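The following pair of complexes shares a single chain, chain A, combined with chain B in the former and chain C in the latter.
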Partner chain A sequence: MIVVRKVKVKNALGLHTRPAAAIVKLLQPLKSAVSFTYKDETINARSIMSILMLAAKKNSQITITAEGADAELAVRRLVTAFEEEFGEK
Partner chain B sequence: MYLVQHLFEQHGKHLGLDLLAGASGLSRKINRPEVHRPGLSLTGYLKGYVPARILVFGKQEIEYLKELDPAIREERLKSILTTTTPVVITARGFRPPKEMIAICDRIHIPLFRANATATNLLSRITFLLMEEFCPSVTLHGTLVEVFGVGVLIQGESSVGKSEAALGLIERGHRLISDDVVRVKKKEGSYLIGSGPELTRHLMEIRGIGIINVAHLYGAVCVRHDKGIDIVVKLEGWDDQHFYDRVGLDEKFIDILGSSVPFHLLPVKPGRDVVLLLETIALNHRLKDMGYNSAKEFNAKLLESISRRQKKRVLS
Partner chain C sequence: MGAEREEVVLRGLPISKGIGIGFPVFFSGLDEDVSEGVISKKEIEEEIVRYRFALARSREDVEKLQKASLHEGTPEIVAILGTHLEMMQDPLLTSVMEEKIRVRQQKIETVFFHLIEEYKQRFSILQDIYFQERVRDIVDVSRRILNHLRPFGKVRMSEMPHNSIILAQELVPSETIEASSATVSAFVTAAGGITSHAAIIARAKGIPYVANVDIKMLKRVDLAAIIVDGSQGIVIINPTRQTLKKYSEVKRQHAEKYKLLKSATHLKGETIDGYEIRIFANLENPKEMDLLNKSGAAGVGLFRSEYLFLSNRRFPTEEEQFEIYKRMARSLRGRPLVVRVFDIGGDKKPDLLPEERDASRFGNLGEEMNPALGCRAIRFLLRYPDILETQLRALLCASRFGDIQILLPMVSDLTEIRKVREMIEKIRFDLQKKGVKVAKHIPLGCMIEVPSSALMCDALAKEADFLSIGTNDLVQYVMAADRNNPNTSDLYFSTHPSILRLIRMIVASANSSRKPVVLCGESAADPAMIPILIGLGIREFSVAARHIPLVKHTIRKWRILEACRLAEGALEYVSAPELKRYLAAETAR
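Here is the complex of A and B:
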């Protein structure tokens, strides 16, 4: 199953180290292959370095693509984390 | 998408570009990595003229334009300066004719002046554009240089790519990039990998965090870019899988249409991955020098078998 969804970076500091760590952590128990696409660059969402490389600022749009049995769950959890601004509100 | 603005910002200084007109057109797209001296097109012969090329006016073009009647000059310039022309450059610091400045301003083509000769500009700009336009891809993996061989280590997250790379660095090999590798295909077949500017020479090691290898181990342990000579995929040991035990058949993997020697390396406790990677790199060098251990041995074995068979026939 492939799930694709677009999210917006809402926290003021953008995707810095802490949010990147939070994303990797929430994906750890899940099995799906998850990738982020930002500005024609597609990266593995399980890699902190790759997320940091994007240097996505506030309001940038990221396309999440998840593939696997728990893809829907993975995307839902990620969207919630983005919505909650990774607890930085 | 590559804009005139990018060319100007990144290479303007190096090329000595001086903006004379058409500043409103800096956001024009450069669609082809091609630079053209309009020469013949200025005489009015436009068959096969490609308007989407960058135009460089050299000494001859400028002298020729000077000799023309103003009305004809304007007409000829109008026919080659089209809405798809990305940028116009005059060489040797020549001041472009008034008509050229007016047209460039009117239809928003950036017009630059440079000090170098037209031939020099042609080759330099072509080279820069070829770099920008070559096919590229971002791969998940760690690129290291082992005994001069560019090894791209791939594999699932947490299989131990970064740890293997750290082990190699500790033994004096070099890190190019951890986790994210930008690969460019140059001159049609040569693959070169580098790390993204922002995370260059940083590594993420589980249980330690983010470390800067250049600072920890020194400048000798890092490199900016390196050709990709082999790809090694690390994977957790699978009892069901039959791993290569002889090495007679070489496997290849496709990256941007080029095939690169590929090894699948199973990992399990007690297997020293660093040593294995060093061995793969050395074996690759040996093969490059024309010696293939597995094939060489097999040839010897076949010869010995056939000798024995002959003996039996004789006796």
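Here is the complex of A and C:
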């Protein structure tokens, strides 16, 4: 199963180290392959370093693509995390 | 070329006198230009193993740090370190890195360098300070890993090209010790205090040094030649032809003056009225014995033995130590060799190779909250007595080849001397049973550099065979002023009234027990301090070999009575600035 969803970076500081670490941690128990696409670049969402590489600031549009048995769950959890600004609200 | 470059004069903190003219070399673990390190197919797997090893070591480091922070209850730091740990497990730093080594057939340092550059570029385009700050975590993690890849990847201080002006964020003693005045023309750093060990070494080697200079800014400038004036604390980048000419002339004059002083250094250090002051030499590197023998030194007053491993990154074995001490004792031909046992800790952090047997013991040394007040010097040695025992045994075995004396650093209680004396007697007994010849009497001395030992010096003078005043640390501990902190350097006065009183006290105690007392420390090489120290009763100094000509020259200008009067007058002053003014007026000659 493939799930694709668009999210907006809402927290003031963008996808810096802490949110990136939170994303990787959140995905750890899940099995799906998850990637982020920003501008023309697609990266592995399980890599802090790659997420940082996107240099996505506040209000950036990120496309989440998840593929696997728990893809739906993975995307749902990610969307919530983005919505809640990774606890930085 | 060069037409658009403009001469710029920067002001810093003068640390080591002299003029250095040369070309910039940025010295650091990461930002240096890594050459395209190509490896052969056969070497690929080896390179990957090397990388995995460094990565594992780095993880252990961070886990240890994290555990320590957990105890201290700093959740932010624990969280940051947690992120660093995760970065080290990140595919980009594990599988992707290994893949890159395979595909590109490059050394891991090169692959790393390109990765960091990529990040830097990406974030610098953003023109967003916060985003640029992010790179720091990546740089931090990379530096840790790269450090574990050393010594293969780093340009060593000993391998600098000629006329190098070393530009660094900061200098550590183990690196500074490797610099040669033949190749390194000057040091310029962002951080660093007047009495840091790196500074002491720079002065001993006669390498000009200016600190408090914005190195990061220099990295962004197009640099050609650099002039460093360590006496004035000035750094001139891209000097004009006239400036270059002027400073070359000053440099030539300095060299001539030093040569003149040196030509008289075989003379005794005698006052005008014939009192002899004995001048010994401080020594870090046994290879400099020849230089020392030419300097007119009465012997080695302080051999800082810890440098035997600070630069080699491993502890010397008993056999190796024995050979070194034996060779040194022999070349002194009966003149004393005072060996200070390993003074580890504080800003002398041992940077042992991770596979070294003793590396684990130092694990928590660097993490002390207050390293200057921590487990260093004799405290460390008594905690791990096998290191001290090995050193003592080597010293005892070498004792029959000359006049070897043993000095204990950072003694803060009498029992420390007694414990070491017991160890020495036991080792002597064991050696003699085996038929090894040991000198009848090996003097055991005590450093006075901690306030408690200065206050108890009468008792220590009875227990020890000689006293050695280490003014650098004594001033730091008495004034409670960090010697490496630029913000406390105003307080760090070697001429504070409290220090003069303590020195007088120590001399009196030593005299009444009829024990020699030697003063070693930066003040001993300061022409303004020498007469007052003589006046306070000091008759033996130990200074870096290259300062001996100047020290003797100063002594020969004074009469003992004048020096005593000067000291008496100085003891009347109760504040540092007043005392300083008095000394400046009275000692200029």
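In this section, the second predicted complex is superposed on the first by the 89 of 89 C-alpha atoms of A that agree within 3 Å, B and C clash if a C-alpha of one lies under 4 Å from a C-alpha of the other, contacts with A are read in each partner's own complex, and residues count from 1 in each chain.
We adopt the following convention: a residue touches a chain if its C-beta (ideal position, glycine included) is under 8 Å from a C-beta of that chain, and two chains touch if they have at least 3 such contacts.
Since this is a predicted model, take the numbers as computed values, not measurements.
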Check your understanding: Since both structures carry chain A, what do chain B and chain C do when superposed there: clash or fit?
Key -> clash
Check your understanding: Does the superposition put A:Glu41 against chain B (first), chain C (second), both, or neither?
Key -> first
Point to revise | Chain touching more of chain A, residue-wise (chain B, chain C) | key: C
Review point. Which partner does A:Met53 reach: the first (chain B), the second (chain C), both, or neither?
Key: both
Check your understanding: So, does A:Thr17 touch the first partner chain B, the second partner chain C, both, or neither?
Key -> both
Exercise for review: Kindly classify A:Val79 by the partners it touches after superposition: chain B alone (first), chain C alone (second), both, or neither?
Suggested key: neither
Practice item. Please identify the positions on chain A that touch both chain B and chain C, taking each partner from its own complex. Key: 17, 44, 46-50, 52-53, 55
**Study point:** chain A residues touching chain B - in the complex, by the definition given at the top
**Key:** 17, 41-44, 46-50, 52-53, 55
Point to revise | chain A contact footprint on chain C (complex, rising order) | key: 79, 82-83, 86-87, 90-93, 118-119, 122-123, 126, 128, 130-131, 134, 137-138
Point to revise | Of chain A, residues touching chain C in the complex | key: 13-14, 16-18, 21, 24-25, 44, 46-50, 52-53, 55, 57
Practice item. In the complex, go through chain B and note every residue touching chain A. Key: 138, 140, 157, 178-180, 196, 198-199, 202-204, 210
